[in-house]
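Take a look at the structures listed below.
The following pair of complexes shares a single chain, chain A, combined with chain B in the former and chain C in the latter.
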Partner chain A sequence: MNTKSTFCGSNDHRLNRRGFLGLSAAAGVSAFADMTGLDALSNSALAGELKKDQKRVIMLWLAGGSSQLETFDPKPGAPTGGPFRSIQTAVPGVHISELMPKLAARMQHTCIIRSLNTKNGDHGGAAKLMMRGRRDEAVVKYPDLGAVMAKEMGRADSKVPDYVTFYTQTEGRMAGDSGFLGSRYAPMELTTNNQPPDIRKLDGISELDHVQRADLRELMSKQFSQGRPNKVLGSHNEAYQRVRGLMASEKLFDVSQESAKTRDLYGRSQFGEQALIARRLAEAGVPFIRVARAWWDSHGQNFETHQEMVPELDHVMAALIDDLKDRGLLENTMIVTLAEFGRTPGINSSLGRDHFASAWSCSITGGGIKGGVAYGKTDANGNKVVEGEADAAKLYATIYSALGINPHKNYYLGSRPVPLVEPGTEAIKELVA
Partner chain B sequence: MRPNRLVLLLATILPSFTVAADLLPPDRPIESVIDHYIDARLATSKSKAVDQADDYTLIRRLTLDLVGRIPTPAESKAFVESKDAKKREQLVDRLMASGAFVRHQANQFDAMISGPSSRTSGIRDYLVKALGSNKSWDVIFRELLVPNDDDAATKGSGEYLKTRITDLDRVTNDVSVTFFGVNVSCAQCHDHPLVQDWKQDHFFGMKSFFARSFDNGGFLAERDDATVKFKPTKGPEKTAKMMFLTGKTFNPPARKEQTKEEEIKERQKFEQAKKDKKSPPPPSFSARAKLVEIALQTEEAVFFSKAISNRLWHRFLGYGLVMPLDQMHSENPASHPELLQWLGRDMANHQYDLRRMIRGIVLSKTYSRSSKWTGDIPPAPGVFAVAQLKPLTPMQLAASMRVAVADPATFEGKPEDVEKRLESIENSARGFAGNIAAPTDDFQIGVSEALLFSNSDRVEKEFLNDGGDRLIGKLKTIKDPTQAVELMISSTLCRPATPDEKKLLTEYLQRRTDRSADAQRQILWSLLSGAEFRFNY
Partner chain C sequence: MPAKPEQFKTVKEHGFKAICFSLTLRPNTAKVVFGASDFKVYEADFAATKFEPKELYGHESYVTGVALAGTKIVSGGYDCKLSWFDSAANKMIKSETAHGKWIRGVHASKDGKTIVSVGDDMVAKLWDAESGKLLHELKGHAEKTPTNFNSMLYAAAFTDDGKTVATGDKVGKIILWDVATGKKTGELEAPVFYTWDPTARLHSIGGIRSLAFSPDGKTLAVGGSGKIGNIDHLEGKARVELFDVATSKRTWEHQSDKFAGLVNHLQFSPDGSWLLGAGGAAEGFYLMLDPVGKKSIRQEKAGMHIHDVTTTPDMSTLYVAGHNKLAICECKG
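On to the complex of A and B.
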């Protein structure tokens, strides 16, 4: 029995129960029947979430599982090391794979976590885990990071989407999922091209009529809403109020608005262009953007695969770092480079590496994370973590803390408090700026 | 569990039987009992109930709630104009006698049993058959928990357990939540921190009824033996007893020690069934069947009967007598405890007849109040002084849109033909419904729905085209703009246009005489995407 998988406000999970009990003492347990005011209450009760409304996250999702040995945790010379060398980075003593020279030169902005032990080596389950930081329970479907960011940083009247996800390739394609937070925080999904669905007016209606029929709709809906205060009704009207603003954000998805120089900076690849769009969205105030880049699942020919794909990743990460820095956005924009798991140190007979979740790496840059740090350590062959072990919960506690979101904050599912991360999990202090 | 705890527990959760004598008599009509208890509570509170909804609102509400769509203009007109004192009963009985009632309630029960975003159709198919043949809730419960794969008449019922049985914790909690209104998941790791009723013994006790069940190559199988062990927060590991939520335990028949050979033989039987793609051999004693039996025993049935009463109440009133629906325990009492007890007793006394209870609820005055509050701050929803808004389910919304955009003349004619036409409309709505989010606890509508309505050519093609049997086609033949406005409002909003609406929308048309067909489409769009259409109010 995994005693950590379920949480319900008990001391057994070492949670500060003050928020929950204080509320029930004040309002009486029956007041939980009406949960409409709870968000506001729990928000104001938790101080210290400073400047969080400025924070954004760009997640580079390496679908299929990239190899830590060919990226952030090279083991040159070891039997498991493979053919690539390691190189010195801008931070003395920190070495990464020679396939990432551009990131190496920018290492002072980035942290690497080399000690992930997330225990799940199955694509689907592991991707769910690493996108949420925790596992679903029988009756609790957790929101992913994008949905949490949409809820924490999005604004009701925002003119841009709260959560955008690019997943053009098909390998391991996993839709964003707002779990129990519901459709209000569901993502805008782009799977076929870089144009969001239903964002452009149909040709059959003029601009003016499109606006005026919406005004008509709003006028009559307001009439109906009188004397009927209701949260779902409010969300319906809010959703329509956002339509025009979202339509205006269409140009954010258009890379041709950028100079040739900037486009070259990111590269003209699909991954590069989507990363550039992600920067445009972050700049315009979109709290969370995920750009998935697939085909990392290198059971065969691991080294050729990484020789081809890591330089592209290196280039895109470097472009994002430089561009965000130039625009003064790096401080408040976090780049998370993450996969569902890493790859086995052992090299199989097809010269591939298989799924490996016991000792792998990810990288976080900007947005309140301390740069220039390589945290955690694996053994000489990369088979196990020997220092600073971190599971998915610890990684997420670190991400939330850096973003100024209290990782122990509760959401409420009916009367049940549901904290953002597994109770008892603390952030990696060394990484929070 | 210590004996004194057991006494305390039973005293707190079984009041319906200890004070049954104080309840209103069992032979009083359900609707009158509902109004009695709700009004009695209102009389002692500061709130006053709003007036009854008008007839246009009432027929819309009843039609959406009972058959899952808005009424046709002809239905509304006939109802409103009728002077028959029994017209409401007649309407309810007509709607409940239709196939659409069975299909819509099957959708609702499917969402309740499988979860809002379920993709398996087996349970719904089963529910259509079960509700169509008037199966009672206890029978449906039994057929879901003790399915017989070889019985064509109950085909599909097995999917409920098959999709869950690989996760025993999940099946334990799902069954407790859905059928008993109790969420025991907190008691998985420790006794419930806030609710004295729920101990680890309950969670693992309930789990023990499922622990012998497993998936055998796509068939549900049950062994003759399995023990559930758990580590209490204090003390040594324990072996769980089969225990129902009331604390009632059951000792399964002892099994004589098996020889190695017997064990191998048994395993081979299951393997063979798997190979043959056949139902595995049944156990000599079924723990799941035992759970069903215990749960329906007089003393224990209080959970089962109150849970279904509360869920039906929630479905039709938009708010439960106990909220949240899975938190029925002594520390979260019902807003109207006597009413819930009476309803639970009535369910049990009438063999869990769902139709009887649904009919009673929708005939109450409590159900038919207006949803509009005229004072300052509306009272808490649990007082039931004003009707709650209910967001339409995906199927309700899509089917209603299809009805609204049809030429009203296509709903005139022989009742059986109209019924057929409505059924085909319902079927054609299924595709669009897949784009709409299903309401959940704490539901909010997202921007993707607003974008879909605003810019998708699907809405344009499916609902705003001008085919001959469509409202837009009909409107082309109407020259007077005000008359066109009246027709659009009555078709979509199921009520006459107000003078203000007539003025506003007529002006909208008059300013677009160069593109009057487009202008009509725009008005129709604004009505279909508007708040009034989106809710059952």
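On to the complex of A and C.
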């Protein structure tokens, strides 16, 4: 980060942002780590408009690749099916793994896509693909879904971060990436605990001092602004308001603010608590929150791994659905349960399943997605898609469409138009409410 | 003639369409009854000119335990059911839900009078082999791991006199039970078999997968895998621990310097002079150990990940069930 960059780009108003804020809002908070860039600030100020109807996304990222056969596309009795049974869901004719009874009871809110063929079985490359919906080009680094949501749904006057990601386990950790959208839309990354680092004011600064400093800055800014109507100055002030908001948002990450009943609803596991924080953030207006739950890469003992991890996933998904629904948020909040790929139908000699991107599944709930749908079909052994094949681009076109974002809109890299999804890709219309 | 582990050799391997999890030998024959991942129980005759396993009956999920009680076959599986099948009459006697979760193993006492089944409901159950009547429910293994995930109860073994049964769970706890009363008589701890990864992957792997008492009942062998670094794979070394039953003290810990994976089967020789271990990961292995001298006698690669072994009483012939294969091996001088 260039700490000498300026808010407005002019030498007259060169300010050292770190110097002004003190170290309290320092480098760890990447959401505003580079808000000094002229482009980013002017973009947010110039945008001006309130973004659509404030859709939000909570992504449950099943890092390492969960098995579709032990979750959304069971094949009981097939040679590849494994030992788990399938159970009837609340939607007649739709069955999922017996490991997910709670989701089964809520299937009317959820759609399953069973026909993903994403053609990339490498953790790193596949994770990038499935977080973006498309592959980077040599000269174009695409933003991930979080960054696009931050841009499309983030509000200029927001006091909360636009993109928050939890990835506490170390295996396969991949940071969020705003690509060519730049650091204005980069995520606040939480990797060590559930509280963002470095947003607390320094202990040596009293609350009164903190407020008075802000008031003084605002007064000076107003005096300076008089007679100087300028959108860039607006951005300048907005940036400070935003940082103040972020510093005040610390409590959003504190699950102890919730009742014991609500905490029990989500469970006292790390995954459950992060999902609860995600709901708190979504409710406060954060457009995108990713909760990564690693690590599903079950090359050995696949069934033991899924026996251990799927019930937790089932519980967390059910809690999120119920809580969002009770709060009237489910209609505008999308839960995407996604991994970088699925697992092979073939069971290896360690009773594991390996990487498999040819015929796998994900689920989407709420936020403009039609519930109660099982879209697409794989063959009897789960080896290939036989109906409704969808690649990453199609999945993303569907997600964007459901969220009210035109998947064919262009961003601009200089004068080059860059479409949001691969040209020629259409959403799965059956899934868009 | 006593079996000689130094003479161990694989005689024949037969491919099979499913994963073979458990098997038991019909006395004085070369016929085995085995359970498989295609939900079925089969009988196969290794002495037949053509090796053609014959389907006997089915479960509704993986069949993970088979035992013999006279002409009756007792089998258990991940459908939580225990089935009692009269093979002489070729008729199912009864099939009932015996456990609340997956049945991981079914074993008969040496005299064939008592059956023990273990399941992920963390209960071991003792059954009268003849009548199928439930004798005792053995409850003492924790249902949850220390990190609040569901635990699993994998292993059980009787002493040769049938008076004691040991059970071993995922987190490395072993409980000794009095068969007559169903009361707990002792506990042993073998935590190395369980790997919990709190940092990189936030889940677990491992567990006690096999148990065997020495013929005098004084020593208990425990099998599984050593600590695993990358729990995506069964990369921990094949591990066996010996315990002195009277003191509950571990007397030997052995990790293969050659093979990784789970020791799924343990069996002392009739005179207690050697101990057979078998199991696998991506590939399978046989371990032949000297429990008295506390040293390895021999380690051999197997043609498949081995899930179970049954032998002639003198252990000179071994019948082996594994990943898409069945095999016959010999330890004859």
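Assume the second predicted complex is superposed on the first by the 355 of 433 C-alpha atoms of A that agree within 3 Å, B and C clash if a C-alpha of one lies under 4 Å from a C-alpha of the other, contacts with A are read in each partner's own complex, and residues count from 1 in each chain.
To be clear about the criterion, contacts are C-beta pairs under 8 Å (C-beta built on N, C-alpha and C of every residue); 3 or more make two chains touch, one makes a residue touch a chain.
Nothing here was measured: the structure is a model prediction, and the numbers come from that model.
Shared-chain residue A:Gln301: touches chain C; no touch with chain B. When the two structures are aligned on the shared chain, A:Arg217 is found in touch with chain B, with no touch to chain C. In the superposed model, A:Gln270 lies in contact with chain C only, and not with chain B. Once chain A of one complex is fitted onto chain A of the other, the partner contacts of A:His109 are absent, as it touches neither chain B nor chain C. Of the two partner chains placed by the overlay, only chain B lies in contact with A:Glu137; chain C stays clear of it.
When chain A is checked against chain B and against chain C, the one touching more of its residues turns out to be B. Using the contact criterion defined above for the overlaid structures, shared-chain residue A:His408 touches neither chain B nor chain C, since it reaches no partner.
Once chain A of one complex is fitted onto chain A of the other, the partner contacts of A:Gly182 are limited to chain B, with no touch recorded for chain C. Once the two complexes are laid over each other on the shared chain, residue contacts for A:Asn348 go to chain C alone; chain B is not touched. When the two complexes are laid over each other on chain A, chain A has no residue in contact with both chain B and chain C.
Residue ranges of chain A in contact with chain C, taken from their complex: 64, 77, 79, 83-85, 168-171, 268-270, 293-295, 297-301, 304-305, 307-309, 311-312, 347-352.
Taken together, the chain B residues at the contact with chain A in this complex read 167, 169-170, 172-174, 177, 183, 185-186, 188-190, 192-194, 230-231, 233, 323-324, 326-327, 331-333, 335, 371-374, 378, 380-382, 388-389, 391, 437, 439-452, 454-457, 460, 501, 504-505, 508, 512, 518-519, 522-523, 525-527, 529-532, 534-535, 537. The touching residues of chain A, counted against chain B in their complex, run 1, 3, 6, 8-13, 24, 29-30, 32-35, 137-139, 161, 180, 182-186, 188, 197-202, 204-205, 209-210, 212-214, 216-217, 219-221, 224-233, 235-237, 239-240, 242-243, 246-247, 413-416. On the side of chain C, the complex with chain A involves touching residues 17-19, 37-39, 60-62, 78, 102, 120, 148-150, 152, 199-205, 231-235, 261, 280-284, 304-305, 323-324.
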